[in-house]
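Mind looking over this structure? Questions follow.
Chain nomenclature is as follows: A, B, C, D, E and F, assigned in order of appearance, with residue numbering initiated at 1 for each chain independently.
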Amino acid sequence: MPEQNQRLLTIVCESMLESFLQEELPRLGASGYTVTDARGAGRHGRRGGAWTKESNIKFDIVCDAEVAQRVVEHINREYKQHYALVMYSTDATMHCV
Amino acid sequence: MPEQNQRLLTIVCESMLESFLQEELPRLGASGYTVTDARGAGRHGRRGGAWTKESNIKFDIVCDAEVAQRVVEHINREYKQHYALVMYSTDATMHCV
Amino acid sequence: MPEQNQRLLTIVCESMLESFLQEELPRLGASGYTVTDARGAGRHGRRGGAWTKESNIKFDIVCDAEVAQRVVEHINREYKQHYALVMYSTDATMHCV
Amino acid sequence: MSLEPVVLFFVLGLAAGLLRSDLKIPGSIYDALSIYLLLAIGLKGGVKLAEQATPGMLLDGVLIIGAAILIPLVAFPILRYLGKLKRADAASIAAHYGSVSVVTFSIGVAFLAQAAQEYEGYLIVFLVLLEVPALVIGVMLARYGAGKVRWGRMLHEVFFGKSIFLLLGGLIIGYVAGPEGIQPLDKVFFDLFKGALAIFLLEMGLVAAGRLADLRAHGLFLIGFGIVMPVVSASLGTVMGWALDLSVGGTMLLAALYASASYIAAPAAMRIAVPEANPGLSIGAALGVTFPFNILIGIPLYYWMAQTIHQTGA
Amino acid sequence: MSLEPVVLFFVLGLAAGLLRSDLKIPGSIYDALSIYLLLAIGLKGGVKLAEQATPGMLLDGVLIIGAAILIPLVAFPILRYLGKLKRADAASIAAHYGSVSVVTFSIGVAFLAQAAQEYEGYLIVFLVLLEVPALVIGVMLARYGAGKVRWGRMLHEVFFGKSIFLLLGGLIIGYVAGPEGIQPLDKVFFDLFKGALAIFLLEMGLVAAGRLADLRAHGLFLIGFGIVMPVVSASLGTVMGWALDLSVGGTMLLAALYASASYIAAPAAMRIAVPEANPGLSIGAALGVTFPFNILIGIPLYYWMAQTIHQTGA
Amino acid sequence: MSLEPVVLFFVLGLAAGLLRSDLKIPGSIYDALSIYLLLAIGLKGGVKLAEQATPGMLLDGVLIIGAAILIPLVAFPILRYLGKLKRADAASIAAHYGSVSVVTFSIGVAFLAQAAQEYEGYLIVFLVLLEVPALVIGVMLARYGAGKVRWGRMLHEVFFGKSIFLLLGGLIIGYVAGPEGIQPLDKVFFDLFKGALAIFLLEMGLVAAGRLADLRAHGLFLIGFGIVMPVVSASLGTVMGWALDLSVGGTMLLAALYASASYIAAPAAMRIAVPEANPGLSIGAALGVTFPFNILIGIPLYYWMAQTIHQTGA
């Protein structure tokens, strides 16, 4: 069973960024991503999720370290300043057939 | 791009604990958290999520090891005994601008 | 506070596999699992989640390395070939009382 | 005295659950339907109250609440000593049975409509009033003086939890706006009520099917309790209704109120105030046994009881 | 023979999808609407059955099912040899086209109501009866004797999957309760039907727009198949309807049933029993081509066919 | 000139939010209700347009839009120089107030129905037409020539965002199908409107309660602005309505349109085009102050203004 050492990069952000990231992630080299609906709190206060305008989404992206780096830089440049958003990553093993 | 070594602490529990944890986490030192709706199974049997009384939530908290420790102890003391609940954590890198 | 070194195995797949995995995971030795609704993209294209037929689910399973291995092999054998599906895992600490 | 057709939807949901159909009502639809039902019942009660309120009702109200307090006080020793349940479990189940079920009440109302029977509309108010004392008694039975209780959190949950809040909110809006004020909302809140109840019952059937598994683990005692207890409570309600000079319909509704067990407000409150009680037991009995019993057998039975006492008494 | 207004909602949804509007119908609303539509149709059918059932229908039923079995048997070789599709894909698509679409049928009923045409209400029963044989044939065509089939899982999915289960449940409730029993539910299950169908079609348009992309990748053959096949099936249905002495409305509905392709029950069953088939192809053709064709062009066309055969035959 | 009962649902939601009730309307139900309301209003407008459209309206339309453009141009300097807000914030808030609120408009319509007042139905068209210019002006004020603007993304969001898209889609379907074509959909899209609005207002109250916290942080200026600005805009609308010879009802609706501030389309568009503006300020003022002010006090006030100008002017 071949395995690959990868990064699992998670981005939690305002849900309005979903369509933008959907377009941009593949262009940055991500082979796939998973999105879930979320709510939460952080520097921008409570985002309760009751209302589209204050709900979050969570992107999980398994990719190699280089792509992860590229995605982080892209998002820091384009969105981090003005949008509610955090990014974190962990080591992960991708299990392939 | 500055990075911070942190813990990613995940708490899966009965959804009725959401409002309690929302209040308590910031007091324990967490700078933020993300919540998603979940269902599952464990020692307390199947919690199918169809019905508020048997649905779960998942808290993801990125914080330093000390805060993680404090949260784990608080939850073990206050809730673990009587509520459906698991906690696990991994190393994580927080990507900041 | 006793802690256990475990694996956190995540499976993202077509939502129709939920009932199958629900039955099979305990038989493979998992003591519990958490499910969330998801959408995403990968080798099988966009799965937008708007419609049952193209929505995903995400299983999170905290278990020891051996069970993780068994689950991965089972899924590779039974489902990986024909279903939209990815699996990845990370090291995790389970916090018990 | 035939079966209300909406009850068939409960049976369909139960069948789906037991036959492991993949039918699932999304959680958000369940929430929306329960918000709708609570508001609609509250509005109806408020409108009735605006039409019927008299000072004499106050005394009736005190008596109805006073008698209702007997229910958890009778249930607790049975559960604790006959059923050998832990103190916390016995207290929590007693609280569930002292409290009331909005859906059982609604099916009672539907039954009366089909039987073309009048009833005292202001009884809806007791959906609100009977909740609180039972829950407080349940907590006191669990603690018996000792042990810390999160009273603040629990009472906040009871009064501002969605079920009491929406019932009360609907009552007030209905009372303030009155029949003509509410009339433009009738198309949604009254005309659609029965259909919405049918779909909600489908979901209740699905949930009840899941609860039966919990019960299987805990033996026959709880099943017996879940059938006998409502009949005992209903008898008390029947006598009270007759003594207070309610109509046959009103007597039956009061019996159904007493007989019903809460599975919305009570579980939430008990989970906060008595977390060591196993919710599988209380919800299992209330939803897996008593609710189906009440809507399938109980309501026609209580109707017969109400008719009988009024004929015999007269 | 003008366009049914509800069809415009499908066009609106299609436009939203193709123009990349951010309009999204939440998944739980889609689920709720489909539960509602299935129950409502089942109830309607059950009520009609209670009124119209005769023993003669049994023979008709056997003949209608027998003829319907021809559809996947004709579709398979076309897909396999003309379309050069893999065996599994050809079999799966054949199963989709042998099966039926509840929404297409509903739009046919709406069309007849607008045209003030009567029809045999019990035809709704075939929404249930035509599903199973086509799916079983599809699986057999895919396996051809060889290869393991998860028959148990698949048949469980077919019979207890939500679409058949709710249709059948609705049929039984409608039949048991009868017209007067169901009457208090009319306000929800009958009066709101058309509006709910409109909103469902909006969502179907959104989903169909996404499916078109799948199709683009697989060339013109499937698009042609998705248009010609329903016309062929409808012709068979028209002849059958006329031969069985159905009314003009009933003939048209039978044609629409035969012509329609499933996109709820069939995809779920095929995904389990023939997982190596690409669902993009079958759902793409059924939902991206045949469904729009049927509701925009097919239904008026089949109506004309039904009228013509009845005039010519008479 | 008494309170519309639906407004009580807003107050109930507000109370739930402020008293920290656990009442929550699921996000998917909020989405479904807003899709329903937008479609229903669009359909109504389309039907009215089919009945009333005349070429003379075109000139009226141009004048109404021209005058509306004054609103953000007046609001901006007040916010920037009197309120000392950052340029981006001032511009974004100005855009919100130049734009319109569908729900405020709907409550105006309900108010007129209760008062048995006629109005020009085609005014619904301005729910679509007044949105775009205000947003474009807002972006230009924020950028003032400098700085890159994602015009493409923003305009796509405005035109294909769900609010404009559904309003416009409903308008077109209503216009094409006409009163008789839409009639089978009346039961859902017209009869249920008021009840759906009530439940939506319950949710709006909950959301508005959350927004008040945002405002508390930013002082009294915005609260004052949120009350004075709509009265100023409404005065302009009243004069315009009278000058264009609208009925009393139509004049009041135009005043309410001008007075209302957007909290659906504008926030989405501003978040894309002017991301450095703090959405807490604009949504806080629009939803936390102006919306409640308009539906509780504004609409009766604007009605009185419309009556007065018509009596005085005549």
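Everything below uses one rule, namely that a contact is a pair of C-beta atoms (placed from the backbone, for glycine too) under 8 Å apart; a residue touches a chain by one contact, two chains touch by 3 or more.
The structure presented is a predicted model; accordingly, all values stated were derived computationally and were not measured.
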Next item on the list: Check every other chain and keep only those touching both chain C and chain E; list them.
Entry: none
Notebook entry, point to check: By label order, what chains touch chain E and chain F together?
Noted result: D
Check: Would the interface of chain D with chain E count as same or different, where same needs over half of all numbers used to appear in both copies?
Finding: different
Check: Relative to chain F, which chain has the most distant C-alpha mean position?
Finding: C
Check: Farthest chain from chain B, comparing Cα centres?
Finding: E
Check: Can you give the whole-Å distance between the Cα centres of chain B and chain C?
Finding: 19
Notebook entry, point to check: Hey, how far is the Cα centre of chain C from the one of chain D, in Å?
Noted result: 40
Checklist line | Contacts with two or more other chains, residues of chain E listed in rising order | finding: 22, 24-28, 31, 192, 268
Checklist line | Per-residue multi-chain contacts in chain A, two or more chains | finding: 36-37, 46, 49, 81, 90-91
Check: For each chain, which other chains does it touch, given as pairs?
Finding: A-B, A-C, A-F, B-C, B-D, C-E, D-E, D-F, E-F
Checklist line | Parts of chain E lying in touch with chain F, wherever the complex brings them together | finding: 5-6, 8-9, 12, 15-16, 19-29, 110, 113-114, 191-192, 194-196, 198-199, 202
Notebook entry, point to check: Touching chain B in the complex: which residues of chain A?
Noted result: 10, 12, 36-43, 46, 49, 56, 58, 72-73, 76, 80-81, 86-91
Notebook entry, point to check: Touching chain C in the complex: which residues of chain E?
Noted result: 24-25, 27, 30-31, 203, 206-207, 210, 214, 263, 267-268, 271-272, 275-276, 279-280, 283
Item checked: Complex interface listing, chain C residues touching chain B -> 1, 6, 8, 22, 26, 31-37, 60, 62, 90-95, 97
Checklist line | chain D contact footprint on chain B (complex, rising order) | finding: 14, 16, 37, 45-46, 48-55, 79, 81-83
